[in-house]
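Going in written order, the chains are labelled A, B, C and D, and every chain counts its residues from 1.
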Amino acid sequence: MAPIPGRPAASPRPGCRSRGVPGRELVAPTVVAILGALAYLAFPDDLAFFTRIIVAALFVMSLDLVVGYCGVATLGHAVLYGAGAYAAGILCVDGLTDPLLLIAAGSVAGVVAGLVTALVILRAHGLPQLVLSIAVVQLAYEAANKARDITGGSDGLSGISPGPVFGLFEFDLWGRTAYVLALVLLIATLVVLRRVVRSPFGLLCRGIKQDPDRIRAIGGTIYGNLVKMYALSGAVAGLAGGLTAVTTGVVGLDSVSFEWSAEALVMLVLGGAGTLYGALVGAVVFTGFEHYVAAVDPYHWLFVVGALLIGVVLALPAGLGSLAAWLRRLLPQGAP
Amino acid sequence: MPTDGCPAFAPAAMVSIGVRVVSCPARRKGEVVLMRSIRVLVVAAAFAVAIGGVASAETIKVGVIGPMSGPFSLYGRNFKLGIDAYVAMHGKKAGSHDVEFIYRDLDGPDPAKAKSLAQELIVKDKVQYLAGVYFTPNAMAVAPLLVQGKTPFILMNAATSAITEKSPYIVRTSFTMWQNTVPAARVARQKGYKKVAIAVSDYGPGIDAETAFRQTFEADGGTVIESIRMPVRTTDFGPVMQRIRNGGADAVFAFLPAGPPTLAFVKAFIDNGLKAAGIQLLTTGDVTPEPDLPQFGDDGIGIISTYHYSRSHASPENEAFLAKIREVGGRVEDVTMAAVGAFDGAHVIYKMIEATGGERDPEKAVAAVKGLSWISPRGPVSIDPETRHITQNVYVRSVEKQGSTYINKEILTFANQPDYGLIKAK
Amino acid sequence: MTAALEVQSLCRSFDGIVVADNISLSLAAGDRVALIGPNGAGKTTFVNLVTGTLKPDAGRILLAGVDVTAVSDVERVRRGLVRTFQITRLFPDMTVHEHLMLALLQRAEKTGRLFASLDSFKDAGAEADDLIAQLGLAPVADVKVRALAYGHQRLVEIAIAVALKPKVLLLDEPAAGIPHDEVLRIIEALERLPADLAILMIEHDMDLVFRFAERVIVLAAGKIVCQGTPEEVGRDPAVRAVYLGSYASRDRDALGPGPTVGRGRA
Amino acid sequence: MNVLLSIAFDALAYGMVLFIICIGLSVMMGLMRVINLAHGAFAMIGGYIASYVAGPMGWGYVPALVCGVIGAALIALPLERLLYRRVYGASDPLVQVLMTIGLTFCIIGATNFLFGSAMRAIPLPALISGPVDLGVRTVPAHRLFVIACGVVIASGLWYLIERTSFGIRLRATVDNTGMAGALGVRTDWIYTATFALAVGLAAFGGAVGAEIMPLDPYYALRYMVTFLVVVSVGGAGSIGGALVAALLLGFVDTTGRYLAPNYGEFFFYLAVIAIVFVFPHGLLRRGA
C-alpha cells in the first residue's frame, strides 16, 4: 500500500485488546469438550438425552448463522435439518451403512436445501421474509408427507440401522457411541464456526445484518454472500439432521416442521442471537428445562416454559448468553 | 438369549438391574466423578458374575410413554386412568412382585425424543417393560431398542399395522385402522349403499383407512366414487362437503384423528345439507369419541361408526371397569379407547411378570401372552400368536341420545376381528 | 486527459417532480469541488444518481472515461467511486478497527474468505491501525461505534472512504451535525486526503466550503444555477436569489464567508 | 358456474373470519410495530369465554359474543400495560417473538388447566344454525351470519378510521408517533385503545368463527401461522390490504380444497410465495 501522507503512524496500540490473542479461538471448544466429558462420566445414564441436546445445539447454531449473523428472518429452518435427516435416513435404508458417510450425505443435502431456501426467502425482508420461510417449510412438510413411498410419510422413516462407527463402535443401548460421536461433531463444528464468524466473511455478514446498503456502498454484494452463508448453515443443519437420523434410527415429519423451526428460534433468542455461545446456551437451557419440568409436571409444563420466556425478555432482553457475558466481565481477564 | 442383538452389551442390561440397589442416590451431585469410577468397577465385577440376571421379590418398573400434555393429553391421561383402574382392581402385585408405572410425556410425533425417552427409561430407570405410545413414528423409534434392551413393549394405542413387525417384543392391545375399517365397509354394503365417497385425513392412518375401506367395499361389489385426502390441519370442510354432495354418493366414509377437526367435519356435514339430503355418515370410532359427543349435540345423532370399544358397552366387565375409573378419581366422561387399551395392556404386563417370575426374560414374557385370551371391558379378546396383535370384536354403533347424554349405541357385532392389515401383507 | 468523473445531462423525476434537470459536470483527478444548494435542491438525489442507488431517466455517467450508467452501484464502488453518508451510516455493533478491516478487506476482495482468521491479515491490520492513528482515533480503536461521539463517527465515515482507495470521492455533508469546534478535525482529515483524488463535497458549512473547494457548483430545483470559484459564486446575484428565495430570512447570510450556516438543518 | 358460486360462498365466509381476526393484528403490527404471535391466543380467549357463557351459563348467543369481546379485552389490557409496553418498537423484533410466544404458551397452559384439553363448541341459536336452501345450493345459515358480521366490521372500521376523530388520531400516530405526540395526541392512550380494539376484534372473530376454526387450547398455535400470513400478505397496518388478503387467501384455500383436495396446502403456500414475490410490501402497497 502507498503510505498516506502526513504524520507517521505513531500512536501506540492500546494495551489490552481482545483481538490478536493466539489460541483464544480454542477456549470455547475446549470448555465444551471438558463439560461433555464430565457429563459422560457423571451421568452415564442420560446420554441419549444429552445427544438430543447436542443435536439441538448444532441446529440452533446453524440457525444463528443466518438469523444472528446475517439478520435473515426465518421460521423455516427445519427444511435444512429435515433434508439432512431424510437424506441420511433414505440412504441408510437403501444400504449405505457407514454412519460418517451418512452424516456427510446429510450435510450435503442440507447445503442443497439451504440454497433452495435462500433462493426463495432472500427475495424479501422482514415480515414478508418470515412468511416466505413459513411457506417454504410448510411446502416441504407437505411434500415429505406426500412422498410416503420414500419418506414413510407420517409413520416416519424407520429401519435405519447404521453400522459401527469406523467399523468398530456399535451404536449401543446406552447411547455411548452416539453421544461421543455427537460430542466430537459438536466440537469440530464449533471450532470451524468460531473461525468462520471471526473471518473476513463473518465480519462482512455482520455488516450485512446491520446495514446492507452500507455494505453495498463499500463495494460488497449482499445476495451472493447471504446465499453462501445459507449454504454453510445448511451444511451444519444437515449435519445435525443426519446425526439424528443415524443415532435415533427414525426420521419423522417433525424434522421438517414449522414447529421445530419455531422451537429452534425460541432457543436461539432465549440464549441470545448473534453469538455461537448464545446458541449453545439457549439449546441446553431450553431442552434441559423442558425435559426436567416436563418430568416433574407433565400436565402444565408449557405454562412454566412460557413464563420462563417472558421472564427472560423482561430481565435479559439480549438473551441468557448476555448473563454469561456479564458474569465474564466480573472475572479477571486471563491472557493479555 | 437372543442371537440377533449385540452380544457384548446384552448381559450388561441384566447386570444393571442387579446393581440398581447399589447405584441410585447422589446422582446429581458435583463430586460424582469418583463415584462413577467406583461404579464402573462394581458394574464390571457384577458383569462377570451375574450373567443370568437377578430375580428377587423386588419392584418391577414399567415405563409408560404418552401425550401427558398438549393437544392429545386426553389420551395420555387415559393411559394413566386405565392403568390405575387395573391396579385398583388387581392390586399392586403381579405374582410376588410390586409393579411400579413410570410416566413420561411425549406430546406429539417426535421419534428422536421418543427414542431418547425409551432409552432413558431402560438404561436409567431400569424399567423391565415399556408401554403406552400414542403415535406411530414414536413406536417405530422405540422398536429397535427392544431386543438390545431386552424389554417387551406393550403398545396401547399407535394403530399402524406394521409396528408389531418391527420387533418380536411388541404386543399390541389397542386396534389397527384395518381392523376397525374393514367392518365399516362390510356394514356399508350390508346396509345397501352402492356409491360411497371416502374422506380421510392425509396421513398414515388415514391412508390405511382409505385403502382398507376401498379394497373391502369394492371386493364386496360397491363403488367408491370419490376418495378425498384432506390435509391434517384443515378445519374448514365446506368445500369437501360440497364436492361430496355434487358427486352423488349414498354414504360417506370418513376418518379423522380425534380432535377439533372432527367437530368441524360433523358440523360441516350437517350444515351443508348432506344429512338432510339423506347421505349417511359412516366413520371409525375415532371421529365419535364419547368426550366429543356432547359438543356435536343433536347434530351427531345417527352417525354410524365401527370401533372396538364403546363406553356404553353393556357387560359386567365394563361396568366394573368404569366403577374403578371413578374410584381412582377419573371422570367416566373422559374415558376413551386409550383407557381400555391401557387397562388391557396392564393385564398383559401382569401376565408377563407372573410368567417370568420377575426376571428380565423378554422371550418368555412374550411367549406367555401369545394366545392369551380374556374378557376385556370391550368384550372377549385374545392375543394373536402370529401377529402379537389383539383379536377382538368390532362393534357397529350409532350415536344416540340417552337421557341427557349421548352414547355410541352398539347395533351390530363383528366378532373376533383380526388385524386385516397384517393378513393382507402376508 | 479524461475526467475522473463525468456526468452528462443527468435527468430524473419522481411522480412528475423534477429532481435532476439536465445536470452536467466533470471532475478531474485532484479536483476539489463543492456542491451547494438549499434544502430540496436535489443534492442527495444527485449523489444517489451518481453512485447508482438511483437510476437516471436520462443522461450518462462516466468513470475515467468509461460509461458506467448501466453498471451496478457495487461495481462502481469497485471501480473507484466511493461516497460517504450525510447521516452517519456505520455498523453500530462493530469497533472502529473492524470497520476499517472490513473496508480494507473488501477493497482487497478478501471478504469471501471463510476460514481465515481476521488476525491473520497482518497487512490489513497494520494499514487499519495507520489510518486510525492518522485520524486520531487510536484511543477508541476498539470501541463499538454505537458508543462513539458523533464527531468520531464522522471521522470513521471518512476513514472508511479512504480505506477503499477511491479515485473519486463523494462526501455528503461530512461536517453535518457536529459542533463547530470539531469541524476543524474534519478539515484536517480532508486536507490529508491523497492529492490525486477527485472529490465532490456536498456541504452546508460555508467555512468548510471556502477552505476546501477550488470550485463551487450551486444546485437549485435540480438545476445547476451557477458555478465558479467560491468568491465568484458568493458574488453571484442568482445564487443569492436562490438561497434567499427558499430560505426566506433564516439563512440570510448563507453565502457570506461568516461562521456556520448549516444550523437550519434538522 | 354452480361450482364457482359454491366455492365463492365458502371462500367468502372463510375469508371473513380470517379478516375479522386478522384486522386487529394488522393494525397492531402497523401501529405498535410489534409482531404479536399471541393474537390467536386472544381470539381463543374470546371463544372460550363465549362458549362458557353460551354453554354452561346458558345466557344465549349474543350475550356470549359480547362477554367474549369484553372479557378478552379486560384480560388483555393489563398484559398490554405490563408486558407489551416494554417491547413496542423493540430494536430486535426477535425479542417480541420470544415474549409473545411465551405469552401464548402461558395462555394455552392456563386454558388447558381451566377448561381441559377437549374441544369446545359454542351452541348456536336456531336462527343461525342448520342449513339454508338458497336455490343454487344449500348453505349453512351460520356462514351467512359470519359474512354479514365481516361486512359490518369492515364498514364499521372504515368509518371509525376515516370519519371519526379517533381515526384521525390513530392514523396520525401510525404515520409518525413522535409528531402526533407533539401535536397533542395522547399516543399512549391511542396505543391502549387500539390494543383493546384489536383484542376485541380478535375475540369476536374467535367466537363467531368457532364453527370454521374450532376451539381447543392449541387453537392459539394452530392458526398463528395463518394469521401472520394474512397480515403480511395484506401489508401490516392496512385495513383494505387485510380485507383483500383475507378474501384472496380464503379463496385460494377454498378453491384448492374443492378442486384438488389432496393438494390443498400446496396451493395455499404456493400462492403465498407468489403474492409475496409480486407484492413484497403488501397487496395494496405497490412499489416503494
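One rule holds for everything that comes next: a residue touches a chain if its C-beta (ideal position, glycine included) is under 8 Å from a C-beta of that chain, and two chains touch if they have at least 3 such contacts.
Everything quoted here is computed from the prediction, not taken from an experiment.
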{"item": "For chain A and chain C, chains touching each", "value": "none"}
{"item": "Intersection of contact partners for chain B and chain D", "value": "A"}
{"item": "Chain whose Cα centroid lies nearest the overall Cα centroid", "value": "A"}
{"item": "Separation of mean Cα positions, chain D and chain C [Å, integer]", "value": "48"}
{"item": "Chain centre separation (chain B, chain C; CA means) in Å", "value": "73"}
{"item": "Between chain A and chain B, centroid-to-centroid distance (C-alpha), Å", "value": "35"}
{"item": "Chain A and chain D, separation of their C-alpha mean positions in angstrom", "value": "34"}
{"item": "Residues of chain A whose C-beta touches two or more other chains", "value": "142, 146, 299-300, 302"}
{"item": "Two or more partner chains touched - positions in chain D", "value": "112, 265"}
{"item": "Topology of the chain contact graph, where touching chains are joined (line, ring, star, complete, other)", "value": "other"}
{"item": "Which pairs of chains touch, using the document's own definition", "value": "A-B, A-C, A-D, B-D"}
{"item": "Parts of chain C lying in touch with chain A, wherever the complex brings them together", "value": "51, 53, 73-74, 77-78, 82-83, 85, 89-94, 97-98, 101-103, 105-107, 110-119, 121, 123, 125, 127, 129-134, 136, 138-139, 141-142, 160, 162, 164, 192, 194-195"}
{"item": "Chain A residues touching chain D - in the complex, by the definition given at the top", "value": "67, 73, 120, 123-125, 127-128, 130-132, 134-136, 138-139, 142, 146, 258, 262, 265-266, 268-270, 273, 299-300, 302-310, 312-314, 317"}
{"item": "Chain B to chain D touching residues, read off their complex", "value": "69-74, 202, 228-231, 233-236, 238-240, 242-243, 246, 259-261, 263-264, 267-268, 270-273, 276-277, 291-292, 295-297"}
{"item": "Chain B partner contacts - residues on chain A that touch it in the complex", "value": "38, 41-49, 51-52, 55, 142, 145-146, 148, 152-156, 158-159, 161, 170, 172-175, 244, 248-255, 259, 294-295, 298-302"}
{"item": "Touching residues on chain A, where the partner in the complex is chain C", "value": "1-7, 9-14, 17-20, 25, 192, 195-196, 198-204, 206-207, 210-211, 213-214, 216-221, 225, 228, 232"}
